[in-house]
Amino acid sequence: MTDIHSATPPGAQQSDSDSLFDAPPMAEQERMVEAVLFASSTPVTLRDLESRMPHGCNPGEAVEHLRKRYEGRGVRVVRVGDAWAMRTAPDLGFLMQKEIVETRKLSRAAIETLAIIAYHQPVTRTEIEEIRGVSVSRGTVDQLLEMEWVRIGRRRMTPGRPVTFVVTPVFLDHFGLESARDLPGLKELRAAGLLENRPPPGSLPLGQGGG
Amino acid sequence: MTDIHSATPPGAQQSDSDSLFDAPPMAEQERMVEAVLFASSTPVTLRDLESRMPHGCNPGEAVEHLRKRYEGRGVRVVRVGDAWAMRTAPDLGFLMQKEIVETRKLSRAAIETLAIIAYHQPVTRTEIEEIRGVSVSRGTVDQLLEMEWVRIGRRRMTPGRPVTFVVTPVFLDHFGLESARDLPGLKELRAAGLLENRPPPGSLPLGQGGG
Amino acid sequence: MSEQNLFHEVTSQSVEERLAAEALIVDVDGFEGPLDLLLSLSRTQKVDLRRISVLELARQYLTFVEHAKELRIELAADYLVMAAWLAYLKSRLLLPPDPSEEGPSGAELAAHLAFQLERLQAMRDAAARLMGRDQMGRNFFARGQNEDIQRIRTVTYSANLLDLMQGYARIRTKDDFRPFVMDRDSVFTMEEALERMRALLGFTGDWTDMLSYLPDGWHKDPVKRRSATAATFAASLQLVKEGRLEIRQNEDFAPIQLRSLDGDR
């Protein structure tokens, strides 16, 4: 993979050999973005788009045009983290009986753990346990890791340097979220102080099962 | 898949229970076709479309509208046999490729084999093996042939008429040599410290021996 | 009040409530720990979790645990730990606060428990909302036929003249080839130095020249002397790091001196 293209910002002065070619017109750039997003089943970053398109293209602007063009259509252009993808409109799901993929049924513990990671990320295992009041079995987190909905984030700079967990773009893509900031009810939960990690006064017997 | 719907032509008299529901407007039918063609892993027949869509739909007409809509776009609606599919525009195929250039270090076996061919050419496989003291794997020679650093020379006029190997102009070009005779001899190698098991000094007096 | 208690006053309970209460007991395995049980019990109060009576909740929990004991149901240890803690909390909530007592007040502890219950409930609701969202592969779909990028992998191999010549030299000199081995005869390793110094440490309370630690027979030969000096110096630094030695040098190139710290302890 080469970074040569993305190393040159779209508007920047280009070398002689590059400037021989003008960037294609925006309508053409939009076609290009359309073809790439359409063909790829996984989200494509602007950076990746830029590296594939001719020099001087502005994939960000092209994506914006494309997104507008597909508004209200059977297929939509959606943002997933810092990448873009095309997905069918959710109201047409009923047509897709054949395509439905049976997802592994998640246990209640796994679903709760997933929600806690999504809303509290980056969050340590101990913090998850404190919130749920029980120890988190290894299998639960492993399952989420395996599904690539969750990954290991930075280590927390506290004694023991515990690992933290964060949600992935695959998770965002699966639930149709642009970013983790768009999680339903996130603002309200934050405003209500329910996403705080309040240390217990004195010692509480909760959530110490895992420690 | 059920054939019940397709058994009823779209315009035909419908049963009481069906006629309670009007077919969706054509724009909506077009959206449906768009979503199905997008999500399906194989081309979809009109019959299949009809069986998936609500009663009274006219997928043929919807496909036709969709095909027109995508004319000149980055994605096209194409007929595949008696089915329909969406494909990226052929002129944008270049976006679907990504060139990756990987540089790998040549293996020790390959370098030694190459060196023997360069110093002893024309040389047979048996001779290479005698000099190296180990058998030469087919892959090693094949790799050198594929890289066009080595080619097959004349057959040796000995029993079995074995093929010989010689180095190519590509090889000489790569190593900056005018001819294989320019390779430094053992004496020069020793003078350059290459025959002692010492790490070579930063810059080597290569080509000093010239002749 | 306590009259609403789950297990007391059974007579005043409706059949439905009684069944629910028994279901709680029978289903104790179905609970994901004491906090989960507390959350379930709190629903009988039919109030906003913010207005929950922790005292009442503690009573319910303790009754639950007692009842479970009567039925000889084995409760996991963390349920009993929670019971003990709630009994303590209950006493602190009921008794007038003792100003001389340290630690958080009963009210603070109760508030935190209420917060934890509310937070757990909030996460459950959030999880339900999350799973209720449109999901890929169920409500919306990705491209069915992934024509993703074709990767054209070009591998180029690199080798330079030096590689080539070294390769050749390696073969041609195979007969007199001897793998490069360090001559260990005149090498004194840091491990050896460490071992030696640890044994000698106890004897020096005063500043001593580091060189006096060199082993016998390593002073004369300059090669051996250099190796032993380096190893001893490295070992000294390690011991300084471990807090067993002090090290000093009065000026550039002056003798390096060591002093044991073991005696001070």
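As written, the chain order gives the labels A, B and C, with residue 1 at the start of each chain.
To be clear about the criterion, a contact is a pair of C-beta atoms (placed from the backbone, for glycine too) under 8 Å apart; a residue touches a chain by one contact, two chains touch by 3 or more.
Predicted model only: the values in this text are computed from it and were never measured.
A simple rule picks the central chain: find each chain's mean C-alpha point, then take the one closest to the mean of all protein C-alpha atoms, which gives A.
Among the other chains, the CA centroid farthest from that of subunit B is the one of C.
One inter-chain figure worth recording: subunit A and subunit C are separated by 28 Å, centre to centre, where each centre is the mean of the chain's CA atoms. For the pair subunit B and subunit C, the distance between mean C-alpha positions equals 46 Å.
Inter-chain centre distance (subunit A to subunit B, centres taken as mean C-alpha positions): 30 Å.
For subunit A, residues touching at least two other chains, in rising order: 38-39, 52, 86, 88-89, 92, 96, 99.
Shared interface positions of subunit C, defined as residues touching 2 or more other chains, are 141-144, 147-149.
Listing the residues of subunit C that touch subunit A in their complex gives 32-36, 78, 81-82, 84-85, 103-104, 108-109, 112-113, 115-116, 118-120, 122-127, 129-131, 133-144, 146-149. Those residues of subunit B that touch subunit A in the shared complex are 30-36, 38-41, 52-53, 72-75, 86, 88-89, 92, 95-96, 98-101.
Residues of subunit A touching subunit C in their complex: 38-42, 52, 85-90, 92-93, 96, 99-101, 103, 108-109, 111-112, 114-116, 118-119, 130-134, 173-176, 183-185, 189, 192-194, 198, 200-202, 204-207, 209.
Looking at the complex, you find that subunit C touches subunit B at residues 141-145, 147-174, 177-180.
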